[in-house]
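Just below sit the structures, each encoded as structure tokens.
Shared between the two complexes below is chain A, which pairs with chain B and chain C, respectively.
Now for the complex of A and B:
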């Protein structure tokens, strides 16, 4: 833009800049289109195959799957597990990130390394490890115990996303000054965390939650190995019996995940925009 | 015993010494300013009073009670930060009420007090605004109200005006002083801006490299700087080298021209440093201006109300300030001029060696 607005005399001598700019914009659009096709075509193919039969257009797969009683219960199971994971993960990660930022900045590289570990270890190994480690303890002896173990594994899986997001948020707010301001006003750690730190990190927590949420809704390995009635194993089951229904379910799960994320986002933005309304 | 006593405070961060042997007494209702360049330890002292840093040794008593062992949230000391540090998730009223809510004040008392505070800072109509909807100056006023709402025994201000525009800075400075007088609250104001410190404080503590250089009223600090550092840090100052001519008669040679001083030359050996304020030199003879030095005009700076003349004394330069008088003619570059000043205007500065000796005692 600068080349266009300033230096009129020079502009006549150098007409070249416009052409490369056009070319880069064209290239950018080309890449964007390719990436969009790559992401959208499979989805379109899925939708296509789920609504067509040799006899023509039909929504049977959708009506059948929605009528399936297990569909609701399985989805709600994973939905609940995701919410529980997000809650636990937040309670674990926010105070940790806070303490590291405030008091132990030297430990930060160590924690950052730890946040990568769950990404490197395959969920299969993680689950087997947990089963072996807690073998013949109450955790493996009952269905409730297995559920606890699954949530534990989910919290571990969510850790990288939650921590990184919260830590990034922590760097944008002046945590130290806010803490000291609260302290000088008489607040102890509990009040500072609850009334100052958490509310100001809400957006970061939500960002981490979106990713955690979609990971857990689509999570297969852990829940299947621990024999939990989660959403993904149900999808696999179904695809053995009814391929069309499974595809329809895939589409529905896409939409449901998007709606859920949108809902969380609206809740989060509702808070933020409450702050903005009333501005001039 | 004074209201706030700081006694022999020491603070080190790892190997670096931040504050050394800091002692002073502050009376109730006094407005004290800590002044010094960045890294001089002024903020560290403030943070020790607030309870955010613990001194390695020394004591702090407030109204007769030792507070070094107390956590920051148990000290009842209000603090205002350079970056405002308002809680972004709360509106103005909630920010002001925060401290009262923490101690469980009942709602009616709290709202009355918050209203008083809003009146004090003239921001009643902004009660429901959030910090990001306020200008820097407004935010800092809210921060001040928030700190005062808990009726603290001491108010600490950590460079509260540094992030603001020049005009707002002067306005808010006046407002802070007015509020401080109205509430009669003991206040410590940290700044690196000498004009700010001079204009606002009852007493100024000039600090350098963790030491106190001088404590005194703005007038004392400006007119009688006791160390070379204070002299050069406060105001514009000519520091000139002169040779001792006659120790007993207190005469020195400045650019081979003899001048009379008032201060003792006993500790000087051979040469001395003279401090001379630009505004204490005039271009016309006056009855009490017994010193006269010939110089050449090197450069003229027109500063509005003042014209600063840089005069050359062979190897040294002297700045001379004269009021801008539209009726009077100014010398031109290259003119020979005579500089007149009184014997007491030329201060003999304590040499650094002498000062170091004193500090060690």
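Now for the complex of A and C:
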């Protein structure tokens, strides 16, 4: 940004603001240190409490939780739900974003708005809305029906991240030119989507997928209200019985979240990722 | 704009049309799956809460259900929810804002700023059950702080400082700060160097620059962030439930709502839906404020370009 430099001579005429500058950096370090303490200490305490007993250092909490069969089944349940959600969300978002970019650019603000709404609708309200709306349909009468509702809610919750990520990716590749090229080679819509659009948006889709994954793994409200054997409710139940194991599990889930976010940053390399909030 | 004629003979799965007729066109059908999904899993469910809250058992429209909200238990829960949300919105804005300032304008090394941003991405997401474990490990009866303080004889009572309203504020602040950093960093990074230079050339001190230039520009962003953080705290459920267990219901509206639907307690679904409706209004107002102030903030930044 070195376009307008005529301010520099004037700035040099002003007594160089050296003293405040030093103070600025000092203040910055102070605030950073305080915030870092507040944000890191609870994590350290958690790690500490998971590896100590009155008798000393131990990794028992970890070995026990990893050996616990319910841990595996609950984790796989949430993992499966996340995969299903990501698949459905991708199938809904990618063609829609593609179609909007290509044919209906006027609708883009509307879609954008609709995909941000789930960020502000508390999952609690969404869940009760679903229960109310599907009241006395097959969806609320059976465990499978509740599962469908949960996945539906998850897909909705994934939209903000999925859509923004895909839409941003869509703006960086020339969708129109790619489409025309594919069409002039005789490709139909199915082939264009599958062989041209998806591969070009893979990074964006992965980006959205990792956020979705970490959110669903930590998700508590929807699954507990719909009585689903998900990962987070299991963690809370466990904390009443085996506090140390539950803490170990909390650390494992934190590490998994960390890995997902790291993956996004590595894949996205510097591209700004969407704000992340979930699992309130 | 007359009759809806069959779209001009569908040209062979044609080249991309570069112009469109303004009338209804078949392209809209491509959005059907998405809109159908949104309708089934977002719009109608939200609408059905409103509908249920505003009708009586015979289906006629009434505001009578809203009377249930004056129940002392609910008033108490609302009061606590609002207080905690306000306090943590402010603490998040202040501390998160300062951290955000430190990593953008404070002159910290670049790698450190980037690490803070990455960490905030994770930490804003680190809410709910594991967060409560972390704070129990820190401030609990046998937590790190009390273990370290034991030689001094000081005891931080978790009943006062953790499993209480103060505890809620402390724990919520943990995810409010990173969220604030994520929201505020772009705004702070958008402050032009030229503005500061212009102010300094006109003889402004550091304090004057912040008071008369930077602060007014940032004000809409700050207000928007406050609104968003308020909504964020107000709709928290998992953290509250995990921290306070059976006591949670006096502290948060969300818990009271959820309890109305439990089969094992004497819940009242009508009250639950009415409460849910009232909460939708609170969140709706807050988000409207957020959207409005964001628009003003963006207008400012656009004008600057």
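Just so we're on the same page, the second predicted complex is superposed on the first by the 213 of 280 C-alpha atoms of A that agree within 3 Å, B and C clash if a C-alpha of one lies under 4 Å from a C-alpha of the other, contacts with A are read in each partner's own complex, and residues count from 1 in each chain.
FYI, contacts are C-beta pairs under 8 Å (C-beta built on N, C-alpha and C of every residue); 3 or more make two chains touch, one makes a residue touch a chain.
Since the structure is predicted, the reported quantities are computational estimates derived from the model, not experimental observations.
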Which of chain B and chain C A:48 touches, first, second, both or neither: second
Touching partner for A:183 - first (chain B), second (chain C), both, neither: both
First (chain B), second (chain C), both or neither touched by A:216: neither
First (chain B), second (chain C), both or neither touched by A:254: second
Chain B versus chain C as contact partner of A:65, first or second or both or neither: neither
First (chain B), second (chain C), both or neither touched by A:162: neither
Broader residue contact with chain A after superposition on the shared chain, chain B or chain C: C
Shared chain A surface residues [contacts with chain B and with chain C]: 180, 183-184, 188, 275, 278-280
Residues of chain C defined as touching chain A within the complex: 13-17, 20, 27-28, 30-31, 33-34, 37-38, 40-42, 44-49, 52, 95, 98-99, 101-103, 105-108, 112, 116, 118-119, 121-131, 133-135, 137-138, 142-145, 173-175, 177-179, 182-183, 193-194, 197-198, 200-201, 206, 231-232, 235-239, 241-242, 254, 257-258, 261, 272-273, 276, 279-280, 283, 287
Residues of chain A that touch chain B when the two form their complex: 173-174, 177-178, 180-188, 191, 195-196, 199-200, 202, 275, 278-280
Interfacial residue positions of chain B with respect to chain A in the complex: 50-52, 71-79, 81, 83, 85-89, 98-99, 102-103, 128-130, 132-133, 143, 146-147, 150, 156
Complex contact set, residues of chain A against chain C: 1, 4, 7, 10-11, 14, 17, 20-21, 24-25, 27-29, 31-32, 34-35, 38-39, 41-46, 48-50, 92-93, 95-96, 99-100, 102-104, 107, 111, 114, 117-118, 120-126, 128-134, 152-153, 155-156, 176, 179-180, 183-184, 188-189, 214-215, 218, 220-221, 225, 232, 235-236, 239, 246-247, 249-251, 253-254, 257-258, 261-262, 265, 273, 275-280
